[in-house]
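Each of the two complexes below includes chain A, the first together with chain B, the second together with chain C.
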Partner chain A sequence: MIPFDLEYYAPESIKEAVVIYTELADAGKEPLYYAGGTEIVTFCRQQTIKPGALIDLKGIAETGLLELDGEKLILGANITLSCLSEQGHFPLIADVARSVADRTARNRLTLGGNICGRLPYRETILPLLTADAEVVLAGRDGHRTEPLSELFDKRLKLEKGEILVQLILARKELGNKSWVRRREKHGPVDYPLCHMIGVKKKDHLAVAVSGLCAFPFRSDEIEKVINDSALSAQEKVEKSTVLLPGAIRSDELGSDDYRLALWQKDLVEMLEYMEGAER
Partner chain B sequence: MKSYREVTNVILSVNGEKRRVAVRPADTLLRVLREKLGLTGAKPGCENGDCGACTVLLDGLPVKSCLILAVEIVGKKITTVEGLKNTAIQQAFLKEGGFQCGYCTSGFLVNAYALLEKHPAPAGEADREWLESNLCRCTGYEGISRAIDTAREIIKQQI
Partner chain C sequence: MEEQKHIGISLPRKDGEDKVRGKLRYLGDRQSPQMLHAAIKTSPHAHALIIKVDTTAALEAPGVRAVLTGEDIPGNIGIYLGDKPPLARRKVRHYGEPVAAVVADSEAEAKAALTLINVEYKPLPVVRSPSESLVENAPLLHEDMGTYSHIPAIFPEPGSNVANRTRIRKGDVESGFKASETVIEELFSFPPGDHVAMETRASTAEILDDGQVIIHSTTQAPFVVRSLLGASFNLPTGKITVITAPLGGGFGGKAGIQLEGLVYLLSKAVDGRLVRLVNSRENDLISSPGRTGLEAKIRLGCSKDGKLQAAEINYCFDSGAYADYAVNISRAAAIACTGPYAVPNVWCDSTCVYTNHPFATAYRGFGHIELTFAIERAVDLLAEKAGIDPLEFRMINVIRKGDTTPTQSLMDDNTGNLRKCLDNVSAMLEWDRGSRQKMADGKVRAKGVSCFWKAPAMPTNADGGAILTFNEDGTVNLHCGAIEIGQGLKTALAQVLAEKLGIHPDLIHVIDEVNTRSAPHDWATAASRSLFMIGRALIEAADDAIRQIKQTASIVLRCPPEDLQVSEGRVFLADEPETGLPVADVALGYMFPEGNAVQGQVIGVGRYISRRLTAIDPESGTGRPALEWTMGAQGVEVELDPSDGTYRVLKAVCSMDVGKVINPFLAHGQVVGGMSMGLGFAGWESFTLNRQGRVMNDSLRNYKILRYGEEPAYQVEFVETPQRDGPYGARGLGEQGVLGMPGALAGALARAIGRPLNQLPLTPQKIWEAGKEAAK
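Let's turn to the complex of A and B:
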């Protein structure tokens, strides 16, 4: 049970949500936006967070869109991971969504919650990073659309009170050749030791990784190395390792050495799959 | 805008009945079902979303009631294991001994019911994927798996 009291609000529009957030924040109630709720309810029960109010965004229609509209795929932030795993427009994100938690949990987990949550894995961001998605945000000053790559640095950089509304992908990004490998300690229903995706975008190989460091990432520096045709696969791995954007995680699931070995092995396999064996 | 700021009387639709109950906005559905509605089929296991012992159906989809606020489900339909009396899956669990200590049974049974609704025929990978949502500390997975196969046979004979 949650051992403290809180208030619950269910706005039906972005405007209502932003207004009530501002009012509650000004009243010192430390509100949180809420969607699937799995992480927030757990942390409230453990009292690692103590919000005075929750603002449930699930009733806002535009956050629930899943629609191929002309040349764009629109993914509402409140689509559940079950829905995401069953849609056929973007198979790569379906595969990634299917690997998060378990089936019953995915009936509640949302795309926006997975990206904005406090857990460090945020795995559904991986195919969005490699697809160069755009992100639609809404706040006091209205809506804004920005490249995800400019707003995602370890986590999505939201302004206070801002809402993640949608992710938008260009149709040309949806069917690229891809490679996915998710490593876990115990089995599929576990946090990832290393979750890597590779995507062939014309002549460029894009890579994004979760679980290896304390945050998910796509690195321009690493992509320069793995796209350098003058390097062998082994040289690419060695140079990429030096360019990792943070310390490698070491915890009860796996040591840093183990995670590094997995990542290096998978990177070689991914390069072989995407480009054929190199010298 | 719907809001709940303190203890409030709400109407919940549970197993086809409208039930009036006073809830705190912070009450989880699991606690309300068990402690205020007397429906103790859904079990508190980990209360962390890992074990699946608290699984109920929310508008037909299995969810973990320990991770949902009761106020969220006002206007929606909840089915607990008590609402699955005399179903094929209940008969099959009995026939196949799909339980040992029984603590996980209600969660497995509810999840399996939803699985059979979505996949009436053996679904291979989907069966495995759905059942990964629940844990059995007694490791009685063989009996549970047989119960699902048997339930499919019962349903086929009923059609």
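Let's turn to the complex of A and C:
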């Protein structure tokens, strides 16, 4: 149980949400935006966080959109992972969403929560990075739309009080040939040791990884290497390894050696798959 | 021989519907307005001095009635060894140890007050394994061990971290090894883990003005709780009542004394008011006990023809911070140390050792799942070195009637047919088609087998009883002291009684709640002995009831009672069946037409106490501690990807000699449930601890157990060599399903990767690392 009282607000618009947030923050009530709530509930139970108020964003219509609108796919931040795993517009993100946690948890987990929460995996960001998605944020100064790649560096750079509203993808990115492999310590319902996706864009193989390092990433340098036809697969793997943007994680899920071996094996397999796809 | 109507039938379990529909109320579901609620504050350190506990702010928090710390509670509690303060006193010995408790008007107020308690610690060096614990000059976890009270059968070693040592000295191991053509010596180990029962532990306590103490508890052993409370707090046991409703899983974790002592003290602190404490999942995993870890060293020798000659065994049980049941677990492991094999020369030292891990209590298998892993790995390695097929090697060595156990007690007519079990396992695994095969896609399929045995580890005077009363409609009430922990015991007992009385089990009402004030005494619902012992008591009670029914009927029917028969709800002349009465007419006394009433109500009484058990000699281990052995064989088939260590368990099989299967469906369920738990134990479940001894997976997010979809195909075949002194020939089977799984899984994976795998859990990373070793 959550053993302390807190205030609960259910705004119906972004504007209302931001106003409430500002008021509560100014009054020292330490508000938190609340979507699926799986992290919030866990930490509140343990009393490691003690927010004075929760602002439930799920009633805001624009954050619940899931629609193909002309040349754009709009993914609202409050779409649940179960919903995301069942939609057919963008199969790659369905595959990624389906691999997180279990069905019961996915019924609550949201796209926005997965991206903005405290756990460092943020796996749903991977297909958004490779698809060069745009991100719609809203705060005190209204809405803004930016390329995700400019606002995501280890995590999404939100201003205080800003809300992730939607992710927008170009239709042409939705059907690209893709490859996914998720590795766990032992059994599918767990955090990832290494979750990698590869996407064959028009003339460029894109790759994004979560779990291997302390943050999910898509790396220009690594993509330069794996798209260099002069290199053998082995050379691509070796050079990519050196270009990893951070230290390889070593923790109770798995050692850095094991993670590296899995990632390298999967990279080889992905490259072979994509090469085969070309023929 | 007459056909049995109600034995060997898969009667649907009596408690099934209510449980599946969520109608059953568990202890944690019950709340009342006057109840006060408790919460505990736990230690973030694995080993530290408690410098100061500041409770002033907590005492002033809304709704708070009392706050207790270790300083408020002198004395210790313990099942066999009095080593545990209900709240940590002076120092903490494991991560998650309770250091303070709050009683408040509501659960929320109690939990909120916890954050207001300030504890100052001074960390101490952490002892992280049994070997670290036994090193000279290792930090002592229990400096006052010499002052602890303990039962005579336990031998603590003050000045060390050894809480108990059990010795087996049978024959002469040195000459045994001399006679051995092949010898192996190897180390085996695994860390501690947890039971993860679906229902977390709960307890309530109330003290009435006349001094009566009323405890409700999720215990498997209400009579043990009663007697330990009496002994620990100097209360007459006649003034203590312990009441237990059906449990949501026990697995041994609820078998001793758990929260009851603390809750009693909390009630005392608030003038005897009713206080309730329910474990959160995290408390249940860490603050309440889990299961032991193990470090084992085994030296095993066999002659040229594969016959075992000698075993030199060291079992070092990681009991964690407190000894609880583990001193008896290490003892039980000594008694069964060789596994179900005939070994003429045995030397064994089995110790229970303190470490700064969360402490351990009884766990399904009680030392036997642990020893079986080690022995089965050793047997595999020895067979391999001797160039003998591992299944054949076991066949050569199975223990049989006339052989002696490590304690030199003779296996008698009741000995199970282990060879038949091995034959069945071989057939189910298709062992003769090969035990290792490389597939076209690079994966490797391999099989592993194991043998297991277990006798109940219990006091020599363990007992049970049964009382039968009748209702006006002729149905029967069955009253016994055993707890329904999910094992389907009550259904099986109803079947045994149904067979004796010749009525349908639906006409038997098994009393769900056990109240120590009114139920017949029962040692504990543990050790897979309830069906055996209560079954025997029940048969005696049924015979007693039948005698009374015949006595009354003989007056009415004017015939000798011995000419009568009781069946199908009637009592009638055996050779003139149409002459008789409904049992309902005599069960509460018989009334004649003109009004005279005779004889009175039928009350059937039965009891059973263990037969001819003895303690074991402290020097040699000789004795007869085992009531009956249930043994069997298991096997698994796996498919491994050697390039990354990932694997699937394709098949898990078991053949067990249970004497008589009372309810095939429930028996199958018990065994398969055990096999699943054993696989989880071997491959998935254990605590991961950091260097400071903190448990990193202290919640179900990170403590992984097997899920539907990860399970293999299970196959179970029972063998029925009668247990002559068991009810309808049955012997216990509740635990045995877990025992051989770790050994079989490790054996199969080791065969697949081509390297020994002697440590659990068997994670893909571990197997991959072994594979890299092989490649070098």
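As a convention for this text, the second predicted complex is superposed on the first by the 275 of 279 C-alpha atoms of A that agree within 3 Å, B and C clash if a C-alpha of one lies under 4 Å from a C-alpha of the other, contacts with A are read in each partner's own complex, and residues count from 1 in each chain.
Note that in this section a residue touches a chain if its C-beta (ideal position, glycine included) is under 8 Å from a C-beta of that chain, and two chains touch if they have at least 3 such contacts.
Since the model is a prediction, treat every value here as computed from it, not as a measurement.
**Q** Pick one for A:Gly254: touches chain B only (first), chain C only (second), both, or neither.
**A** Second partner only, chain C.
**Q** Going by the contact rule stated at the top, is it chain B or chain C that touches a larger number of residues on chain A?
**A** B
**Q** Touching A:Val189, do we find chain B (first), chain C (second), both, or neither?
**A** both
**Q** Based on the superposed arrangement, let me know which partner A:Asp132 touches: chain B (first), chain C (second), both, or neither?
**A** neither
**Q** Look at A:Phe4 in the shared chain and tell me whether it touches chain B only, chain C only, both, or neither; answer first, second, both or neither.
**A** Both: A:Phe4 reaches chain B and chain C.
**Q** In the superposed arrangement, which partner chain does A:Asp95 touch: chain B (first), chain C (second), both, or neither?
**A** Touch status of A:Asp95: no partner.
**Q** Would you sort A:Gln47 into first (chain B), second (chain C), both or neither based on which partner it touches?
**A** second
**Q** Identify the partner contact of A:Glu235: answer first if only chain B is touched, second if only chain C is, both if each is, neither if none is.
**A** A:Glu235 contacts neither chain B nor chain C.
**Q** Identify the partner contact of A:Thr104: answer first if only chain B is touched, second if only chain C is, both if each is, neither if none is.
**A** After superposing on A, A:Thr104 lies in contact with chain B but is clear of chain C.
**Q** Of the partners chain B and chain C, which touch A:Lys265 in the superposed model: first, second, both, neither?
**A** A:Lys265 sits against chain C, while chain B stays out of touch.
**Q** Take the contacts of chain A with chain B and those with chain C, and give the residues found in both.
**A** Common interface on chain A, chain B vs chain C: 1-2, 4, 42, 45, 102, 187-189.
**Q** Using the touch definition from the top, list the residues of chain C that touch chain A in their complex.
**A** It comes out as residues 107-112, 114-115, 280, 282, 643-644, 683-684, 688, 690, 696-697, 699, 701-702, 704, 706-707, 710, 761, 763-765, 768-769.
**Q** Okay, in this complex, where on chain A does chain C touch?
**A** 1-4, 42, 45-47, 102, 183, 185-190, 252, 254-255, 258, 261-262, 265
**Q** In the complex of these two chains, what residues of chain B are touching chain A?
**A** Against chain A, chain B makes touches at 1-6, 24-28, 31, 47-49, 52, 55, 58, 61-64, 66-69, 71-72, 111, 129-130, 132-134.
**Q** Okay, in this complex, where on chain A does chain B touch?
**A** For this pair, the touching residues of chain A are 1-2, 4-12, 16, 20, 37-38, 41-42, 44-45, 54, 56, 58-59, 82, 98, 101-105, 107-108, 187-189.
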